[in-house]
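Both complexes shown next keep chain A, but they swap its partner, so chain B is in the first and chain C is in the second.
Moving on, here comes the complex of A and B:
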């Protein structure tokens, strides 16, 4: 029973982190039609910016997290405006562009900070203990911030004009443009929103786990897996799938071990693609 | 200006400058290992060690080959801790006529490079702890240091004096780089009367909380992180302590204790820890390598104690080239086998490997066992190397 409860706590915590990553990834695909291979790179960059602010500039951690969000969002904006925008309808070109950006980012971090993991610690430590079951305080803080950020994103997308405009572009770009919406302003905004979310996750999670130039690869893999499960481009699907992935990963690893746990996730996605190729909440055809 | 030209011409004509002599030709030597990703520390250490050995030779005027004095140039290759990248690296080196390779590092890389390097007639040094790191059918493959079959018993006996144990849970990646080491470690623990369980994870796992929960359900006295990369091992320790585990943590695997302690959150978090060190890292002569590196190359070394462990292989390769008078891999291998195992920083060692692999092409120098007790680093105790 203890194991069952512990796995549940871990699963929810993992799910919230995966949700933040997957929402950004699927936002870019849903609105721009771009598969962003640099998404893990922005997660890593968020971690390094927060670390540099805390360690090199002596900035308090919460301010460092905001700086990481601002930096990754600004870089995402510039990248979309200068490079992605020119080739936004060429899927192969944008795939190579984002992959190239990721390689530049990871090599830059390797050169600047070196190959070793940084001494980057979350300011709150300890755990709430209920007998043998525990909930790390740092994970609870991150869970709270993640849920707030997800709620904030939902409000932006569904309760503001800019959100309506972004969803309109995602639904049918031609019609949206005929209505006066301007992709050249809105696409960089969407990209910045997504990369800012990745940066936020990196700034929050890397001090709990570890921060080195290699942390980005698994993040990209998990984000991809989650959005495929949820349905590429579907925000609700990504959030739902993130919690499913987190909970399946936790329970399967606890009860079947780390190797089989990873396998079960991939089998789950494989079965879903066979029986429901559009994912949990995906649509058959995207408009953009 | 005329005077300068005249002086240069005179120096060239008389061959007074050894540095100028070293420009007659170039000896390209490959350095291979993961230089990006989670195991980058180990590959960069391999490149750093090779660069230091090359700088030592170049500062002494170069290396003599076929009547010429050559400058040693190091060509690095990122083999990404994968078999296919290591095989591709061998071919990339062959395309540049590079016949001598210091590296690769991991077991998957060693598996990948062996047949390709044999076909390309290249000599290579792997640092893998794989059960088949050396094979008689690949006579141009050498081994930088022994694997756990040689040293695990010594480390376990030293650890048991400080941390009594009856049960150990081993955790390692589920590929050859993990299973080959953890299974040998497990046998060594069993031989010392310790019951073991083995737990494997997918390489690339970032959050070990579920696996930690699974391990702790078995209530082990000790958890051993075996050959998990240092970054992974640090997170595992951090999450074990957060989950309430108070027992000792072991590491019968690759180097990286500094990074493990840093990622885990410091000595206060690590508390009780024992580990294998490839070299006796507390010896003053061994520690001198970092200062030597900075002096010769003008920058700080990267790679920690792994660079120290890789250096003798690079130095002995160049010594063998000088003895053979060529960079032909077969001739260099023949010269290497005849060289005594000696290094200015490591001291004397042995050629081993005959007993385990059937071929005595493994460098075995004194190694170390490190202990952290109650949050205090007690240092690394030197353990003498033994012949086969």
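Moving on, here comes the complex of A and C:
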């Protein structure tokens, strides 16, 4: 029972991390129609920026996290404005562009920091005890920040003019433009929001898991898997699927061993695609 | 003259949808474009808002040539647009749909627009939080027209606002157009259902095959506008 509860706490914490990543990923797809293959790269970059701030510049960890968010958001903004914007309706071109950016980022980190994992640790250690169950403090802190960020994203999207405009652009870009909504201003903002979230997750999670140039690959795979499970472009679906993925991973690693979790998830996604191709909460994707 | 269309050509690939039409929309008036499917009414509206490019000619709004003005800036110049086929934002709530037509106008102006539209269309109050995609056709048309009206535009473009609607919705929309016109808005509308539209219009253009066949005051064009060949 203790093991069951412990795995549940880890699963929820993992789910919140995946939700932040998947929300950013699906936000870009839903609004711009772009599958962002550099999403994992922004996660990795967030981790490295936070690491460099703490280890090389000696700044406190919370400031380093903010720096990571700012750097990844700014880079996302510039990348969208200078490159994606011109080719936003060309799916193959944006796919190649984002894949190229990811390769540039991972190679740059490899050159600057080397191939080995960094000694980057979460500043808070210890555990809270709930009866027989121990909850690592670092997981609880990350869970709290992730849930706050998800709430913040929800408020931006559903309680502000910009969020409303972004959702309108996602629904019908031509009509949204005819209402005066400006994609040239709003698309980079959406991209920056998404990459900033990826940077935040990287800065929070890499000190707990690992920080090396290779961390982006599994992150991209998990984000992809999560948004497909939830339904491409569906924010609610991405959040729901993220917690399913986190919990399945946690329980399967406890009860079946590490690699079985990924297998279970892929089988789940395959079955879902057969019986419900739009994902859990997705709707039919508009024509290209 | 608030809007002046001069020798406008619109082409879709090799097909010419508009063959050099000229239309004047005087400030404060309601101008009706009437004609059957394929007459070029929607192409005219879409060229004015900037959703289709003009292949030739000029569109002058309030003295400024709109030729190089992108679609989204035309809306901010004071042109409201309600497209054919409603095209509400299906996942947005009714209120969010309406407010998306008043983007960046500030809370005070948005509240004024909402209050006014809620009083004109009581349906919006009842369905305020419902996703617009779940509404009936007539209800969606109310939402689309409210969205176009939310910025209290100087020029309101309405593309087939009555198409397929029950008389009760036509009456509500007509009343709202009259109310907005009383606030100083000029209207350019297209309609196949010429009868209710002629009650609102002050002047009209009868179109066929991408050309203007006749224009004049409502009285001057009424008979031709109701003739079978143009409906």
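Note that in this section the second predicted complex is superposed on the first by the 282 of 288 C-alpha atoms of A that agree within 3 Å, B and C clash if a C-alpha of one lies under 4 Å from a C-alpha of the other, contacts with A are read in each partner's own complex, and residues count from 1 in each chain.
Heads up, the rule we're going with is that a residue touches a chain if its C-beta (ideal position, glycine included) is under 8 Å from a C-beta of that chain, and two chains touch if they have at least 3 such contacts.
Fair warning: this is a prediction, and the values are worked out from it, not measured in the lab.
**Student:** Overlaying the two complexes on chain A, which is it for chain B and chain C: clash or fit?
**Tutor:** In the arrangement built by aligning on chain A, the partners chain C and chain B fit side by side.
**Student:** Determine, for the superposed model, which of the two partners chain B and chain C contacts more residues of chain A.
**Tutor:** After superposition, B is the partner touching more of chain A.
**Student:** Quick check on the superposed pair: does A:171 touch chain B, chain C, both, or neither? Answer first, second, both or neither.
**Tutor:** second
**Student:** According to the stated criteria, A:154 is in contact with first (chain B), second (chain C), both, or neither; which is it?
**Tutor:** neither
**Student:** Touching A:179, do we find chain B (first), chain C (second), both, or neither?
**Tutor:** The answer is second: A:179 touches chain C but not chain B.
**Student:** Applying the document's definition of touch, where does A:253 land relative to chain B and chain C: first, second, both, or neither?
**Tutor:** After superposition on chain A, A:253 lies in contact with chain B alone.
**Student:** Rounded to a whole Å, what is the shortest Cα gap between chain B and chain C in the overlaid structures?
**Tutor:** The answer for the closest chain B-chain C C-alpha pair is 36 Å.
**Student:** By the touch definition above, which chain A residues appear in both interfaces, chain B in one complex and chain C in the other?
**Tutor:** none
**Student:** Under the touch definition given earlier, write down the residues of chain A that touch chain B in their complex.
**Tutor:** Listed in rising order, the residues are 3, 6-7, 10, 13-14, 106-107, 110, 114-119, 121, 125, 127, 129, 132, 134, 136, 209-210, 212-215, 217-219, 221, 249-251, 253-255, 257-259, 261-262.
**Student:** Mind listing the chain B positions that touch chain A in their complex?
**Tutor:** Residues in contact with chain A: 35-41, 44, 174, 199-202, 204-207, 209-211, 213-214, 217, 230-231, 234-235, 242-244, 259, 262-263, 265, 302-304.
**Student:** Given the complex with chain A, which residues does chain C contribute to the contact?
**Tutor:** For chain C paired with chain A, touching residues are 49-51, 70-76, 81, 83, 87, 89-92, 96-97, 99-101, 103-104, 147-148, 151.
**Student:** Which residues of chain A touch chain C in their complex?
**Tutor:** By the definition above, chain A touches chain C via 161, 164-165, 167-168, 170-172, 174-183.
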